[in-house]
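A, B, C, D, E and F label the chains in the order they appear, each numbered from 1.
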Amino acid sequence: MLVHAAPYSQQGALSALRFANAVVERGHRLSTVFFYHDGVHNASALMSPPQDEVQLADGWKRLHREGGTQLLVCIAAGLRRGLVDTGEAARHGLNSHSVEPPFELTGVGQLVDAMLENDRLITFAP
Amino acid sequence: MTLHLLNRSPQSEGVYRDLREAFGDGDHLLLIEDGCYAALSSGRDAVAAFAGRVSVLKEDLVSRGLEGRVDGAIEVVDMQGFVDLTEIHQRSVSWF
Amino acid sequence: MNSTSGISPATTAIDAPQDLLIVLRHAPHGSSWLREGLDVALVAAAFGKRVGLLFQGDGVFALLQGQSSGPLAQKGTHPQLAMLEMYDIEHLWVSEAALAARGLPVDSLMLPVTSLEASRIARLMHSHPHTLIF
Amino acid sequence: MTLHLLNRSPQSEGVYRDLREAFGDGDHLLLIEDGCYAALSSGRDAVAAFAGRVSVLKEDLVSRGLEGRVDGAIEVVDMQGFVDLTEIHQRSVSWF
Amino acid sequence: MLVHAAPYSQQGALSALRFANAVVERGHRLSTVFFYHDGVHNASALMSPPQDEVQLADGWKRLHREGGTQLLVCIAAGLRRGLVDTGEAARHGLNSHSVEPPFELTGVGQLVDAMLENDRLITFAP
Amino acid sequence: MNSTSGISPATTAIDAPQDLLIVLRHAPHGSSWLREGLDVALVAAAFGKRVGLLFQGDGVFALLQGQSSGPLAQKGTHPQLAMLEMYDIEHLWVSEAALAARGLPVDSLMLPVTSLEASRIARLMHSHPHTLIF
């Protein structure tokens, strides 16, 4: 699954998570979610939506915990947009970070691999 | 055979135009998110080229208050139907 | 031409410029534009400013009856619209052409609105000192 | 008198349509960013309603390789001209 | 000035900064930039674009330093999108933050005030 | 109908499906879509995959000659396009209708491309096992 849509700005991230849940419920394995373009914002550990709104990050983490789905964040798209894990923060001299496991920063090559290795790829756009 | 997903209202005429070029024999179109507005009779021109091969996602219709307003030629599918469509078709592409 | 749903005659006056006109061009649910535009309207009203709303383009879909919360309990914008009256936001205008293009009769909407033809929309914008488009 | 800014290509027909409704006597349109593509002769229909009251931002034309291709009826202004326009007009609105 | 556009995803943020510089060069005072919608991402202290690309954050800070322009970030739009200063991070139990001075988290009321107090408002959209 | 600029006859074959087809629908500069789509193409090619590109809609503006860097030295996408050949990305297709609507002759573009009418675009997509739209 490829997610280009940012949470809270566009519906695409909600649609993606809802579809992911439905696929898993059907008994399929969802091996990888790759976050690209503004979709990288799904990986932010700093989102604090109001309590009575959807907590998207929890949904993504549950997919990982319960089905082992990899949550991959494009590193090039992410660094430009302020998505950094502790390693990248140190390398860029930042005293804060915004990406935590199970989200992993990775290269676009992983998207290409995932596309060719899996039966199906579905994209959720902004 | 390709499943085309489209999430833009008919207001985005360019994306409907490009989809028409790319839509082949045996392909299917699923309208999601703001694409649901193309399932109204006012959206008939936008999806006329795909006649008989268009579905729309029920959950997105309901939240928009569109459920009773869908053009008769368009099939309403729920989340399970969405998953079915991705199983039936070898691949999907998303237009936006 | 100019028609209203007849429920609130106050909304017929386009000669009642408000402090701020908010133009809403985006449909509910698909993006956060509509919600964030309405947030500005409600906050401005809470700060004592007189606010008018113009629904244009896909923004008219915000006025459909029967909307509900979205997937994963995503909030819709209809609860915000229901609060407008409480905030004294009573000047609601809608593009006649936008309604017509979408086959929506003005009296089928969830709120009483004044429908305006193009020349009156231009006049509406000229009569307001401040306009924000969402 | 309002200065209208528009940053979408003519592909986004809906925003041009809504702008036409709102464009009044004495108003002016400045095309910026991807709005520059409406300054080509192929964009003539999109901006016909604003004839004689349309400018396009030079810097955005140049980066897109459009400088020599602008329709004769449209005035090219640079960043200073953009600032001038915001000084002349009491207010501006942005369409997107 | 009202900025809805995120850096790196859309040109709007670049256009806004370029216009801001031109206005200041002309001798005008730019009192306030208000970041709303995806424009709040301009305030991220964690953006790490490649060295050879535009460093937008530096440009915004220079406006503040040289002309006293207020850099206001809508708190409601920001919290949903992972823009938190140290105060909000503490309040939400986060061990990192993404917004640092001179950017300030504030309410939409400040936008309304700025709109009514200033001669001109110009919006840069995505 | 099918025409090429004549510089590279190899690009005429639509019967040469690649591992991955990237469809580019967005104009340069205005958003990062074009850049990020081309990044995927270049990385996939660097990983040894055969990649084809289809320019559709406003994506055809990516092929205009004479582009340069943007405001505040924002990089354009024309340097990425200039690198395609080095990455062995040689199958470049463009929508004939998209060019015509924008008044762009196929031989005025910065790279040799094969222009395709609608029915051939549908065939092109069917012949590729993987397609991504940007």
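Observations, loosely collected:
Keep this in mind: contacts are C-beta pairs under 8 Å (C-beta built on N, C-alpha and C of every residue); 3 or more make two chains touch, one makes a residue touch a chain.
Fair warning: this is a prediction, and the values are worked out from it, not measured in the lab.
Touch-path distance (fewest steps) from subunit A to subunit C is 1.
Residue numbering shows that subunit B and subunit D use the same positions for more than half of their mutual interface. Centre-to-centre spacing of subunit D and subunit E amounts to 25 Å, using the average Cα coordinate of each chain. If you average the Cα atoms of subunit C and of subunit F, the two centres end up 41 Å apart. Distance between chain centres (mean CA atoms), subunit D to subunit F: 28 Å. Of all residues in subunit A, those that touch two or more other chains are 8-9, 11, 15, 18, 37, 53, 121, 123, 126. Shown for subunit D are the residues that touch two or more other chains, namely 7, 11, 14, 33-34, 59-60, 91, 93-96. For subunit F, residues touching at least two other chains, in rising order: 29-32, 57-58, 70-71, 74, 130, 132-133.
If you draw each protein chain as a dot and join the dots that touch, the picture is not a line, a loop, a star, or fully joined; it has some other shape. Per the contact rule defined earlier, chains pair up in contact as A-B, A-C, A-E, A-F, B-C, B-D, B-F, C-D, C-E, D-E, D-F, E-F.
Looking at the complex, you find that subunit B touches subunit D at residues 11-14.
The touching residues of subunit D, when paired with subunit E in their complex, are 5, 7, 32-34, 59-60, 79-80, 82-83, 86, 91-96. The residues of subunit A lying in touch with subunit F in their complex are 2, 36-37, 76-77, 107-109, 111-113, 115-116, 121, 123.
Only residues 23, 25, 56-58, 95, 97-98, 118, 121-123, 125-126, 129-133 of subunit F touch subunit B when the two sit together in their complex.
Of all the residues in subunit A, the ones that touch subunit C in their complex are 8-11, 14-15, 17-18, 52-54, 56, 59, 126.
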